[in-house]
Amino acid sequence: MVNENTDAALRWIPLLPLAVAVLHGVMLGLVRRSLPRWAVNLLSCGSVALSFGVSVYAFFRLVSLKDDYRWLTDSLYTWFGAGVGDTRFSAEMGLRLDPLSSVMTLVVTGVGFLIHLYSIGYMADDHREDRGYQRFFCYLNLFTFSMLMLVMADNLVLLFLGWEGVGLCSYLLIGFWYSDRWNAYCGSKAFIVNRIGDFGFLVGIFLLFGAFAKAGSPSVAFADLRGSFELIKNLTMPAPFWGPSWRLVDVIGLCFFVGAAGKSAQIPLYVWLPDAMAGPTPVSALIHAATMVTAGVYMVSRLSFLYDAAPLASAVIAWTGALTALFAATIAICQTDIKKVLAYSTVSQLGYMFMAAGCHGYTASIFHLVTHAFFKALLFLSAGAVILAMHHEQDIERMGGLARRIRQTHLVFLVGVIAIAGFPPFSGFFSKDEILVATFASHVPGHLVLYAIGLATAGLTSFYMFRLYYKVFHGECRAPADVREHIHEPPGIVLNPLWALAFLSMVGGLIGFPVAYGKAIGVKDSHSLDNWLNKVVGYISYHVPHETEYAMAATAIGVATVGLLLARFLYLSRPELPARIAASAAGLQRLLANKYWVDELYDALIVRPLLLVSDRVFYRAIDAGVIDGAFVNGLGRSVRGFAAGGLKYLQTGLAQSYVFSMLVGAAVILWYLAR
Amino acid sequence: MPVEVLLKALFILLVVVAGLAPVITWVERKQSAVMQDRIGANRADIAGLTVLGLLHPLADVIKLLTKEDVVPRGANRFMHLIAPVIAAVPAVVAFAVIPYGGIYTFGGYTISLVVANPDWGLLYIFAIGSIATYGTVMAGWSSNNNWSLLGGLRASAQMISYEVTMGLSVVGLFMVFQTLQLQDMVLAQDTTFRVFGFLEHLFRVPVPSVLDWIRLPAWGVFYQPLGFLMFLTTIMAENKRPPFDTPEGESEIIAGFHLEYSGMRFGLFYMSEFIEVVVIAGLIATLFLGGWSVPWLPQATIIGTVSRIFNVEFATGLCAILHFLTFMLKVVVMIWLQMAIRWTLPRFRYDQVMDLCWKILLPLSIANILVTGFVLLLARGNAA
Amino acid sequence: MSAPVVLFYVFAVLAVVSALGMVLNVRNTVAAALSLVVTMVALSAIYVLLEAHLVAAIQVIVYAGAIVVLFLFVVMLLNLRTDAFAPARARLQKLAGALIGVALLAQIVHSSLSLPTPPPVPPGFGGYRQLGVALYTDYVLLVEVASLLLTAAIVGALILAKRKID
Amino acid sequence: MIPLEHVILLSAVLFGIGVIGVVTRRNLIVILMSIELMFNAVNLAFVGFNRLWPGAPGHNALDGQVFVLMVVTVAAAEVAVGLGIVISMFRNRDSVDVEEVSLLKW
């Protein structure tokens, strides 16, 4: 089977974007001349398109394979190894494509390709940075490469490589317009917060490898981990401080989840994502839809075998996800920056996915990941189109009534809104519905509460998305006159990807057409995504009677409709009301508008004390005082004094005296030897 | 057998040094006269008969012996007195390793006609030659005379410079004959080689056997023509005779290092030059012209043929005499050649001498070594 | 006491005396150089007695024939008739040096007493053939390094002694 | 047979004489000569010890003599450069007194 399961074509999927990125890097860094734009476009988009093609090819090869042997591997070389014998650690540079990662590859390359296309139009008039255009595409390609490495890695260490890669690229891209200090700050913030998560991830890797090494099968390759997971399933570790010993699996799962929370912006590490809006809009789209934030979800489902055995960790994940979803949704209500709204909606959708994953509904979370990739990319890109049309105006208070001016943008945006709000038959409906079902049917403690939270979040989502929609596209235009004159439809290179994404957002849900409805319309196991993934992440573990499922779907639609109507009432028919409500509930309004002062809280609790200690103690006292003062300069001073005081008089300038001292030394040595 | 060595040494001293050297002075006069269309020395006479001026050397000796031996004021007396000896002795002792005959066996008793045949014969020659420098230098320095000093300076510089090239120029010869012993070298040359053999040895071109009859005596001069020329040049420069006589340089530093010498001490310098001429002749004959060997007639052949008629002892003795005569003949020819050069070429300027040594001869000799080694390697590789 | 031993002692005494003559001769540099030559030649004779024929020849050719002549050349070039220096100033240094020298000498004598009698030499020992083989097989790297050193020395001497590099 | 102790002793004595010359004389040329003398002493020791271990028939052990040859080479190079220094020094300060050239001091 092995020869059938190896395919050297896999390596090209990540390699092509990397090659182009390196080429750009060389041009920029060494040659210091930027290619002409058409060349940049051709190379960057072409490479991503090609790797998309290869992914499709690989996908069909997977399909052709037998059900139980459905994976492709392409091992390149041993990245690095350490140790010997039964504690040998070796990280292979090997790619592995199984159904899960093939789905991810398709999403990353496909959506990524659309975003690349879009960027051509979006960055066309960007002349802010030196050689910025090529630099931008260099980062984009690097980003794609990292994400592909992440999803195609066949072992944890390699996955961590991609993990760090996306972190780096997000930093580079969020701070792309670094001349503006605020952007640079946001980039650093994203990077640092991610680092905090990565720390947990690393600890998780160490623990996992240590456990497996102790159990006698040292490896970090997913296949081995999964195969010999039984060995460590029941290991325990002593509690660090007190209390009963912990289950190792739970600890490891939690550690990994810390990492996932960092990448995928869950409480408490979500703070970087809204600030990530500082980057250019395509970047936001890329980060939110295709590449970065999905990494956590992917990783959790990749390690599903581990989480299946770790109830505690799963529960934590589920609850964190749910709370994040609700929390972010509430914040999103009061945001006035179009991209901020979308950002918080992303956070809450990710919360959804984690909620599902925590309830062992990995298929559901991946499903939602895919659909979310579609419509969130769509939303961001069309928002970018709006911003372009408004001449880089992002405040929705200055928009309105754009529906007539930019029709196509308006249409695709509407598709995205409907999709995310979860109205059938758009994609969002199916995935969200499945998540709710999974939560409802799972055995996580308090799963009904989770279900309720999910439902409420659904309503809130629908509400704030339509609020956004109405405030942007309807009502009278609040833009200043000069801008109002020049509102124009963006060029085709910007619009076509939007249409493609809109189409996907509409029909994307059909890949997970629920079994229940399938029965209704007489299609046997219609949930193709489930059939596709179940060998990797396990079968859908919940079974609810179809009637319940219908009822839940109905309630979900109902809640969404409520949100829709409320938004319509508040922001279309009675646009003066919200201000009054805000005035009456000023505290709440301020609380939400300021995002619960979470940033300020972190700032006060963590950042400032840290800075203070570093400055006062580590820098002033230890480094400057002890190391520099006592050791470095002190040593130099003493030597200088000694030499200038006495040593220099040995330098008589008479060669013979030197010879004489040499002679004495030689005599002593000789005497010692001949003694 | 010290007696044998003593006899050989005596033979050399009598025949070559005492016999040949004075004659050479006459030869020089006469040859120069002939070359310059003069009559030359013809006055000295005993009872009226002048034997072609052959008495002149005798007259010279008497005159020099009877002259006063002056030591200039402020000179370093000891050195001044000892310098000529140091100059003359090496020239004489150099003969010790030059074979003037082969190895012969008179029933049971084997004799090799060379005073001493050390393993490092040629090195001995070089060592002696390098000692000979000191005579000149000491003479030049000790006379407390600026011209002499300059002469000594030039002599020292010139001689150490040319020693280098002299040594390098014969390295090719060692490589060919694979020995430093002069007797062995001559034995190796006492044969012939096929002129066209090199085609086979180097280029693997088969040579028609007819051409095998075209043979040359296996002399160094044929193996190392360039080496021969360079060795001749350098060793003549070592001898400080014209055209390399910058240490004496009559025209600019009156007589150079022996300016302050008179009487027999000057005579010693004078004689040592001529002895060296003979040494040079013998050395070149030995190294490059097959020494005592008769061309195309190897020793074995001679003895074999003659002993058909007479007995072997007689044949051997005849062969020995023949060899000695051949050697002397070659020596004489070489002496003649040196004289011819000395009276033909104008003097070099000092800087020209140095340039010739360092800029032309030294690179040439090194190149010669390289080429020789390469050719030998090629031949050996083809042989194997 | 066989002839070589006698010769050895003769040459040894000669070497020491002439060496002293070189070092202690404060009047006449040329004389010093010449007595150095005597030492060299005596040493080469001792080398012959020690079966190191090639080394003996090289000793005479290089040291006596080239190096000391070079010394003489320089002395005459600079025309130092007598070196009119007061002896070195540091008397204490001299004293200490002499003491240390004596001590070292004693030490060496003490530690080099009673060496075994040397075995008979194998055929061709010290001859140019054996030495050449040793040089060009085991020590070929040494030879290369030496060639490099000589080249550097030539260039260095030129740079140093030339009035102006043209 | 030549007693090697005396050979070594001789070399030691010569070396000592050379050292004395180097340390006490002020004439740079004589100092160089003394250095040569020291070289020779060392060579003598090498040759003597090589005589002590001449190796077996078939393969001679000539390390000592090889080393002597190297020492000679180095000595030649050293003299060439040293005398070059002497000449340039004499050209600059008209003397070969080593105590004249003591500028490189504190």
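Order as written gives the chain letters A, B, C and D; numbering starts at 1 within each chain.
Following the convention adopted for this analysis, a residue touches a chain if its C-beta (ideal position, glycine included) is under 8 Å from a C-beta of that chain, and two chains touch if they have at least 3 such contacts.
Keep in mind it's a predicted model, so treat the numbers as computed, not measured.
Novice: By C-alpha centroids, what is the most central chain here?
Specialist: Taking the mean of all protein C-alpha atoms as reference, the closest chain is D.
Novice: In whole angstrom, what separates the CA-based centres of subunit C and subunit D?
Specialist: Using C-alpha averages as centres, the distance is 5 Å.
Novice: How many angstrom lie between the centres of subunit A and subunit D, each centre taken as the mean Cα position?
Specialist: 77
Novice: I'd like the Å distance between the centres of subunit B and subunit D, where a centre is the mean of that chain's Cα atoms.
Specialist: Distance between chain centres: 34 Å.
Novice: In whole angstrom, how far does the Cα centroid of subunit A sit from the Cα centroid of subunit B?
Specialist: Using C-alpha averages as centres, the distance is 96 Å.
Novice: If a residue has to touch 2 or more other chains to count, which residues of subunit A qualify?
Specialist: 654, 656, 660, 663
Novice: Indicate the residues of subunit D shared as contacts by at least two other chains.
Specialist: In subunit D, 19, 23-24, 26, 99 touch at least two other chains.
Novice: Where does subunit C touch two or more other chains at once, residue-wise?
Specialist: In subunit C, 54, 58, 66, 70, 77, 88, 93, 97, 104, 108 touch at least two other chains.
Novice: If you go through all the chains, which pairs of them touch?
Specialist: Result of the pairwise touch check is A-C, A-D, B-C, C-D.
Novice: Considering only the defined contacts, which subunit D positions touch subunit C in the complex?
Specialist: Residue positions touching the partner: 1-10, 12-14, 16-21, 23-27, 29-30, 32-34, 36-37, 40, 43-44, 47-48, 50-52, 54-58, 60, 62-63, 65-66, 68-70, 72-81, 83-88, 90-91, 96-97, 99.
Novice: Hey, which residues of subunit C end up touching subunit A in the complex?
Specialist: 88, 90, 93, 96-97, 100, 103-104, 107-108, 110-111
Novice: Please name which positions on subunit C make contact with subunit B in the complex.
Specialist: Interface residues on subunit C, with respect to subunit B: 28, 30-31, 34, 37, 41, 44, 53-54, 57-58, 60-61, 64-66, 69-70, 72-73, 76-77, 79, 127-128.
Novice: Where on subunit A is subunit C touching in the complex?
Specialist: Against subunit C, subunit A makes touches at 654, 656-657, 660, 663-664, 667, 670-671, 674.
Novice: Provide the residue numbers of subunit B that touch subunit C in the complex, in ascending order.
Specialist: Subunit B reaches subunit C through residues 76, 79, 118-120, 123-124, 126-127, 129-131, 133-134, 137-138, 140-142, 149, 152-153, 156-157, 159-160, 163-164, 167, 180.
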